[in-house]
Amino acid sequence: MDTGRLEAFSDGVIAIIITIMVLELKVPHGEDINSLAPLLPVFLSYVLSFIYIGIYWNNHHHMLQICEKVTGPILWANLHLMFWLSLLPFSTAWMGENHFGTIPSTIYGFDLLMAAIAYWTLQQTIIASQGSDSILRKAIGKDWKGKASIFVYLGAIFAAFCLQWAAQLLFVLVAAAWLIPDRRIESVLVSKDH
Amino acid sequence: MDTGRLEAFSDGVIAIIITIMVLELKVPHGEDINSLAPLLPVFLSYVLSFIYIGIYWNNHHHMLQICEKVTGPILWANLHLMFWLSLLPFSTAWMGENHFGTIPSTIYGFDLLMAAIAYWTLQQTIIASQGSDSILRKAIGKDWKGKASIFVYLGAIFAAFCLQWAAQLLFVLVAAAWLIPDRRIESVLVSKDH
Amino acid sequence: MDTGRLEAFSDGVIAIIITIMVLELKVPHGEDINSLAPLLPVFLSYVLSFIYIGIYWNNHHHMLQICEKVTGPILWANLHLMFWLSLLPFSTAWMGENHFGTIPSTIYGFDLLMAAIAYWTLQQTIIASQGSDSILRKAIGKDWKGKASIFVYLGAIFAAFCLQWAAQLLFVLVAAAWLIPDRRIESVLVSKDH
Amino acid sequence: MDTGRLEAFSDGVIAIIITIMVLELKVPHGEDINSLAPLLPVFLSYVLSFIYIGIYWNNHHHMLQICEKVTGPILWANLHLMFWLSLLPFSTAWMGENHFGTIPSTIYGFDLLMAAIAYWTLQQTIIASQGSDSILRKAIGKDWKGKASIFVYLGAIFAAFCLQWAAQLLFVLVAAAWLIPDRRIESVLVSKDH
């Protein structure tokens, strides 16, 4: 089974998630600039989640390029990742509407944490399916960025209880670290072509 | 007519169904952990339906891999399946918001029952189009899992009237039975390649 | 420019339209069977529109199979069709929630009428782009079904003012006439292969 | 990395944006013709945005046809464009519900302005990736239409403060100017084939 339809389905789900989040930006009733003010935190959390979903789409795209066959466990590991991403519109809106309060920020961080674990699981499932000379394993190397992110999310969850702004800062930092495209996989693809 | 556009359209519809279900998880107004509590049954029914739709996508994907030409009746049998799946966001939300009460659970079971019948009809339509040496017929064999599911859904509908938790248990059991990927089709595909 | 991306975009739009219509089936607050009763007309109008959009997808799919190059006018004629189809979730819900009343049924019929005209325009635009020996022109022949539908929609709009049930009957009749797949295009495709 | 999945993802996002805008056309409670009247400005703003998104899809489609490889910066420039387009359902609905008032029209113009800048950035990113003999650079020439649009949006934002109807007129004028398909890219594609 090739990766075509798995990519198409994941693209569809990710495109919908990134787009329906905007439905939580409820159209205000007033028409002056003040009626936009309460939307600012919702808008900021929308921007943050838009970037996160963009990063996931980007990395997912790269990872599947060096995955040749799709097995049953890969299909389910992929759906598991989609599940946690599908909750982002909810956790984003709840965090935004409550001005980045403790519990909503914790839940948001938990959702990101579970998505990161699901991504890592999908990666391991693909590596396992590729056997001992897995190109994906070579490409990701020690995967310190993936592992570090999981610990930073845990840190953000704890920070939300004492220093609310620190939790947000950590979310922004992880996103910034991932914005840089994953050159490991690109270099493997280039070397494979030669 | 090849299966490409039928798969693309079905993928689109299924991706949207699995994603818009999350819109029924309404963002709570409070920001403490208690405001999440009423969402728990809605969340649980979301998880159940997410798994069901994942199973349908997975099996649909497998089945269409051994379908080579698409006829008019196959297009309509496929739309019929999409119709019952498209009602899942509604029946899921109604069951979740009413804490798995009798009537909502019955309707949910009825929706799953109709989707199972529609899937079976689609399967029979493809078999009929493939003629007497249908590979799909060989692949599914006696299709006991498909037939048994229909009876278990019927059982769950009746259980909802006397033992509510039993209905939910039956829904979970059917999902668990299908989570194991359908090796019958994979083995047919493998043997075809040799 | 080939038809691939036009088909993909149209499939996406049609898949979303057919699926978001279900969001207008609002989850009732009660949990007894009576709370479903007010939803019956909304459900019936959903079924009708689901079938109509299925027919459009089906015919669009067939028509684009015998269209080889996409020109600027074809792109816009296609978007024009998507526009009127995109209003169906609105006109369907309004008609359903008002129990098939005069004005909502008129607007629903007007939407179907405009979609039929837009489909006909798209067909003519493709024929024009194919030049004097257009295969699409040969395939559709006199296109009596397309032309008759336009008149039946006009009839239904007038019927809505005096005999409400007659308008619905006409909507159902047109849908029934189109459910039969368009063998004209299939036969042209088959003869082209020989 | 080829453009296939980037196109598929962008098509998905654009198809969803163009379709969920219709969810802001709230179904009225009454069933007479007067209950439609308050929807007229929302409908008109929907038509305007539908045309704008159609134009973006069309031009995006053309531009990516002469882009052969996708780099990290192109992926992010594309997501940046998707971000501003994803806000159109919000800004469209706010402008429509407030009868094209000053602040909502300003925000709508700002959203169009940012989308135009994002489109221009994406174009420059593709040109940069193609090196000194970029075909896209030859195709767009001086790109006066792209640059002029940015200034007209700025003009519309200022007009919204003194002459509200002039702002709307400018929005309509830019759309009209872009409705004509971009023959520059088509002519480059044709000459490449020879």
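We just call them A, B, C and D in the order they show up, numbering each chain from 1.
The definition used in the following text is that a contact is a pair of C-beta atoms (placed from the backbone, for glycine too) under 8 Å apart; a residue touches a chain by one contact, two chains touch by 3 or more.
Not measured: the values here are computed from a predicted model.
J.: Which chain has its C-alpha centroid farthest away from the centroid of chain D?
T.: B
J.: When chain C meets its copy chain D, do both sides use mostly the same residue numbers (more than half shared) or mostly different ones?
T.: Under half shared, hence different.
J.: Distance between chain B and chain D based on Cα centroids, please, to the nearest Å.
T.: 37
J.: Quick check: how many Å separate the C-alpha centres of chain B and chain C?
T.: Roughly 26 Å, centre to centre.
J.: Counting only residues that touch at least 2 other chains, which ones in chain B make the list?
T.: 8, 12, 16, 20, 23
J.: Within their complex, state which residues of chain C touch chain D.
T.: Going by the criterion above, the answer is residues 1, 5, 8-9, 12-13, 16-17, 20, 23-24, 72, 75-76, 79, 82-83, 86-87, 89-90, 93-94, 97-98, 101-104, 107.
J.: For the complex, give me every residue of chain C touching chain B.
T.: My answer: residues 7-8, 11-12, 14-16, 18-20, 22-23, 25, 27-29, 31-33, 36, 47, 50, 54, 57-58, 61, 65, 179-181, 183, 186, 189.
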